[in-house]
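Multiple structures follow.
Consider the two complexes below, in which chain A is the common component and chain B and chain C are the respective partners.
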Partner chain A sequence: MRAPGEMPPPRKGLYGFIDRRYGITPLVDFLAHKEVPIGGHSMVWYYLGGITLFFFAIQLASGVLLLAYYQPGEATSYESIRFLTTKVPFGWLVRSMHCWSAHLMILSLITHMLSTMVLKAYRTPRELTWVTGFVLFALALGFGFSGYLLPWNELAFFATAVGTDSMKAVPGIGEWLLQVMRGGTDVSINTLYRFFALHVVVLPLFTVGVVTGHLLFVQRQGMAAPMAHDKPARGMKFFPDFALRDLLLWLVCLIALASLAVFLPYGPGIPGMEWELGKKANPLAPAYPGIKPEWYFLWVYQLLKEFPAHLFGMEGSQAAIAVVSVLFGIWALVPWLDRNARASRPSPAFTDLAMAALVFLAYLMLKAWDIGGGEAVLPDPRAVARICAYWGLLFAAVTVAVRLALRSAPYFDFTAAAALQIALHGFVGLSYLAAGAISVLLLAATLAFRIVRSRNAVAVGTQP
Partner chain B sequence: MIALVALLLLAAPADESKYPAPLREFLSAKNKDGSPVLSENDRKTLAAFPDHTRNLLGAAADSVILGSAAHLKILLSLELAPAAMEIVAQDNCILCHSDPGNQKAKHLFSTDPAARHANPLLNLKEFVSDVHFRRGLSCSGCHGGKPSDEMMTKDIAARWPAEEVRHSDRSWIPGFCAKCHEDAAFMRGFNPTLPTDQFAKYKGSQHGILLLQQKDSRAAQCVSCHGLHGIRNAKSRQSTVHVQRIPDTCGSCHSDPKHMEGYKLADGKPLPTTQVAQYKASVHGKALLEKGDLGAPACTGCHGSHAAMPPAVASVAQICRRCHAQNGMLFDGSRHKTAFEQHKWPECETCHGKHGITKPTDALVGNTPGTLCHDCHSQYAEGNQQCDATAASFRTALDALVAGRADIEAPVERFAERGLDVEPLSRTISELDEALVQTQSKVHTFDLSSFQAAAQPGNEAVVKGRELIAQTRREAGFRSRGLLAAIGFMALIAAGIALKLREIGKRRIT
Partner chain C sequence: MPPSGEAMKRRSVLDLLLGVGVLGFLGSVLYPVLRYLKPLGAQTQNGPIKLAGEELAKLDKEHSVIVRAGATRIVVFEDSAQRLRALSARCTHEGCTVQYVPGDSVIWCACHNGRFDLDGRVVSGPPPRPLDKFSCTREADGAVVIQLGRGPEAA
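Showing the complex of A and B:
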């Protein structure tokens, strides 16, 4: 037995060789004693970050393989992808996995963010972990947008033209920003060159850096323990218990990814989730109706459509971008806005905010897909709004039912506001914005009433 | 910079106080309800004109020919370019005949010909779009007189027959139009590319013979097809003689049983009035009118325009050959050529029809009842076994190619959905389509060896296509098996990890 303070005997072999030079024993000790807290909620939420990281790793690996054949250029971009998918052994599989993995990465990232929100894992001292996560979300969207154009096919070309066009709405520098993004006034091969640089150099460098920071924060602070009001925390050893479970889940993800890539190589065929190469882009050809961005941009696309040409003296698209910016800003600042969670008190309002955000996004996405519009090229917007409202409200009801079943605190102000907007727009026939304004005003009044009531309660409680 | 300054100057609002006095008065004119006669839009239109144009309008108002604000509003509603407005402002005929306060409905150029009592022939909007007006030729060009005359003079309409004659006898019209249109030197000043032989051709046409020789004023003349006071360039889609409007223009007479009453075919039968309806349902009519293929023939494509005549038996096949040259050449070398000549049958028309030609199908060919070959041969050349065998071979070969194509095409979409490379298959289908067209065309040789030689590439394409389908199916199978193997391998590792986790759990408990 070693006396206290006595150093363990030096290890032999490769470990000893490295340890003597780099002193890795403290790191190994740290990992050996690292524990993952277990609360009353399901452990599954802890794996989502790892799954996102796994899909990002797949992206890097398949991206490098794609780079071995991809040649950016007006006469080569489309042709090289075509060659890769038709002639190169397993080229089709690499491209298909890259595309599927991109969508699954964003899906798991969004789920990871929502679970963090619901579990309040962003609370002090993990605010910067949340912020780096938010930055990673923005970077992932950037990856999606820049990568979409690279095959230089018809759909990508027009979707990029529509997507970049919204940049005009940025106040003051919109036109300049549009020109910088496009490398000219229109989408051209110059746009592809800069999107290519962004997609394979700039964004990966940033992402690897921010991911490293995010992981360091998580390792340094450990995973967020359940809230005090949750069940008492126990621990699960990170190595090997949690790590092996992580690995098991990654294998399941890989099996799912490979199966999807083989059986649905061009995606599920939903607008915004398809990547069939199709025809080569022709900048002189007229755009065709029904072009939609990728599914995670659909809500912005639909929101832009809901705004009139002019609103309060500014262009409608400017107002829409302003609303999107405010929503993103609120989302990024959640750890500071949620004062209850900072004080380790129950914070059902922000859980409800996350659910309301889901309902809000889901309704816009359904509308963007023209659900209920039939086969018409230009569906009747009233019919679409109505049918989507049924689905939107059903979804809102499901979120409420699930929360009640999980014995979550009955706080539904935000979800109610989102549902009210859907109902006013879809069933009463008010415009989307008018319905939104009424819902926001009622929500503000309700929140003000709650704040006043809670202050009065506090004041009464402190009376001698 | 100069362009910017010019743009700013143009964009700067015109100072209405500098307008000619009569125009200023018009601007301040009010309706009975107190609202201004000239709307904000009218003001903008007026402001957009250069000073010179406004001064010309002011001068016309000074001389009271531009009689009121309401009259000016009518002219502004035409949305004319400054140069065109200047022609109008200096043309007393148009000014006087467009003033609702000065003309009876019968003589008023209206912007709304649908209005009650308006003369549909005097559509002002149509008139200012007329090809003659656009080239500077206005009322006086045809009617006589001078645009600057303030009053109607006797020389107006003096160049035409008297009113009671000119409406009943239309034979003066072609000669009247031809005064300019057959004068090459004169026409060169307006449109050097326009032919000047229309009248010469017309004289020899069926219409020309009827009108000029037999004085039949029901026969079409220039105005019947080109219209009046709104004549457009034939390339304009609004022209009554634009290729896509020709069937309706011809049909306005030829589909009207009342109009065509009394006209007879060479064999003495009444001239039918179903040609246009048949044409619209034909392969040519659909191509031109539904698919917008401007290369497809309209009535004039076969009958000619100014020299329109019914094609005789000898010439009808030559008309088809203008587009279908290859089939014509094949037919020329066939044994049917002499047979048709002996029977005095028009070549193409005999099998394909004329106005109502439908897309030919392989079902026309064969030795069974209902096929063209069988039905004709049973009537005129029954019992020729060689012909029967040839027709049967044609049909068998064509059916084999079509069936082969269907077999190859069937799985392509499914393969494409699975991400398999279908480009070679698509290419093979294109090769097969080309071979099929060539083979179908070779039917016109009525010669089995030529036909079989043409069908050979198609047969090869079918074999190649079937081989490609087998290859693609093998690739699909390889992918599925590969996936299963990979899943099996990963599942083994996953099972190992699961067992390890279980063992760790048990160890902890013990």
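Showing the complex of A and C:
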């Protein structure tokens, strides 16, 4: 037995070799004692970040494999992808895995972000984990947007024309930014060269850096316990118990990914989630009917349609992009806006905000898909708005029912505002923006009333 | 010992100089990079352009064709009265390429459902401005000529 204070004997082998030089024992001790809080129904959500990381790793690996054949160029981009998918052994599989994994990564990232929002895991001291996560979300969207153009097909060409054109809405430097992104005034092969550099060098470098920061924060602070279990009674060892569960889940994800890639090599066939190569991009061909961006950009696409030609002295598209920027800004600053969660008090308003955001996005997505429009090339917008309103309101009702079933605090102001907008637009026939303005005004009045009432209650409570 | 007022003043002057130096250094690094990324101006094409044989054949067969003119694209089409017209093919909303729909006598953008009349004026949808209009004529030998040099005609 060692006397108190006596140092353990130096380890031998490779560990000892590294430890003597770099002193890794404190780090290993830290990791050995790391625990994941157990309690509540939140355990399942702890795996989503890991799943997103796994899909990102698949993206890096399959991306490097694609680079073995892909040749950027007017006469080669489309042709090399066609060659890759039709002639190269398993080329179709590599491309299909890259595409499927990209969509699944965005899906798990969004679910991860929503669960963080609902569980208030962003609350002090984890604000910067949320912010780095938000930056990673923005980088993932950048990956999707820049990668879309690389096959140089028709769909990619117009999606990029629309996406880059919205850059002109940036005040002051919009035109400059537009030209820098496109490498000219219009989308051309110069745009592809720039997007290629962005997609395979700039974004991966940034992402690896920010992911490292995000993971360091999570490792240093540990995972956030749910509000009701701020001091969890029990914990699960991160190494090896949680890490092995992570690994097992990654294996399940890999099998699911491989199955999807094999059985649906060109995607599920939903507009915004399909990657048939189609026709080569031709800048002199008109945009074709039914053209849609990726599913996670559909809501922006639909907003651009809903805004009139001019609004408040701005062009409609500029106003739409301004609204999108404000919504993103609010989302990024949630840890500071949610003062209840900062003080470790229940914060049902922000749970409701997350649910309302889902309802808002779902309705725009349904409209973008022209649900209820039949087979017509140009469906009747009134019919689409009405049928989508049924589905949108059904979805809102389901979120409310699930929250009530989970005994979440009954706070529904934001969801009610989102539902009101859907009803006014879909059933009453107001324009999308007029319906939105009425809903936002009513919401603002309700929130003001609640704040005044709670202040009065506090003032009455503190009377001697 | 805390620094005297004189030393503080000297230090703040040095801090200021250092700050200006750092900003100057960053500027001298960033300016060439930003200037490098801004593409060179596109060649502007002046004067009339004549449709090539292939384009002419497409116009005759499909009643419309989209041609490149310098940095812009132009849609040339024949309306129901067999009159030739030419409009900018770049939708003023988000820059998609528009098309002539002979049945409805409209110019349509499939991206966000913007519609223009045959003079390029906005009929419906989100486009904020009309399409630029160009003069377009068929010469005696059958050649189709678009006038670019005098700038777009007022719509």
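One rule holds for everything that comes next: the second predicted complex is superposed on the first by the 457 of 464 C-alpha atoms of A that agree within 3 Å, B and C clash if a C-alpha of one lies under 4 Å from a C-alpha of the other, contacts with A are read in each partner's own complex, and residues count from 1 in each chain.
Note that a contact is a pair of C-beta atoms (placed from the backbone, for glycine too) under 8 Å apart; a residue touches a chain by one contact, two chains touch by 3 or more.
Quick caveat, the model's predicted, so the values are computed rather than measured.
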Where does A:Thr185 make contact in the superposed view: on chain B (first), on chain C (second), on both, or on neither? second
Name the chain, either chain B or chain C, that contacts more residues of chain A. C
When the two structures are overlaid on chain A, which partner does A:Pro283 contact: first (chain B), second (chain C), both, or neither? second
Considering only the touch criterion stated at the top, classify A:Val262 as touching first (chain B), second (chain C), both, or neither. first
Please work out whether A:Ser454 is in contact with chain B alone, chain C alone, both, or neither, and reply first, second, both or neither. neither
Looking at the overlay, does A:Thr85 come into contact with chain B only (first), chain C only (second), both, or neither? first
The answer for chain A against chain B in the complex is residues 85-87, 92-93, 96, 240-241, 244-245, 247-248, 251-252, 254-255, 258-259, 262-263, 265-266
Could you list, by residue number, the parts of chain C that touch chain A in their complex? 34, 37-39, 42, 66-68, 71-73, 75, 89-90, 93-99, 109-113, 122, 125-128
Okay, in this complex, where on chain A does chain C touch? 158, 161-162, 164-166, 176, 179-180, 182-187, 190, 283-291, 301, 304-305, 307-310, 315-317, 378
So, in the complex, the side of chain B touching chain A is made of residues 417-419, 421, 423, 479-480, 482-483, 486-487, 490-491, 493-494, 497-498, 500-501, 504
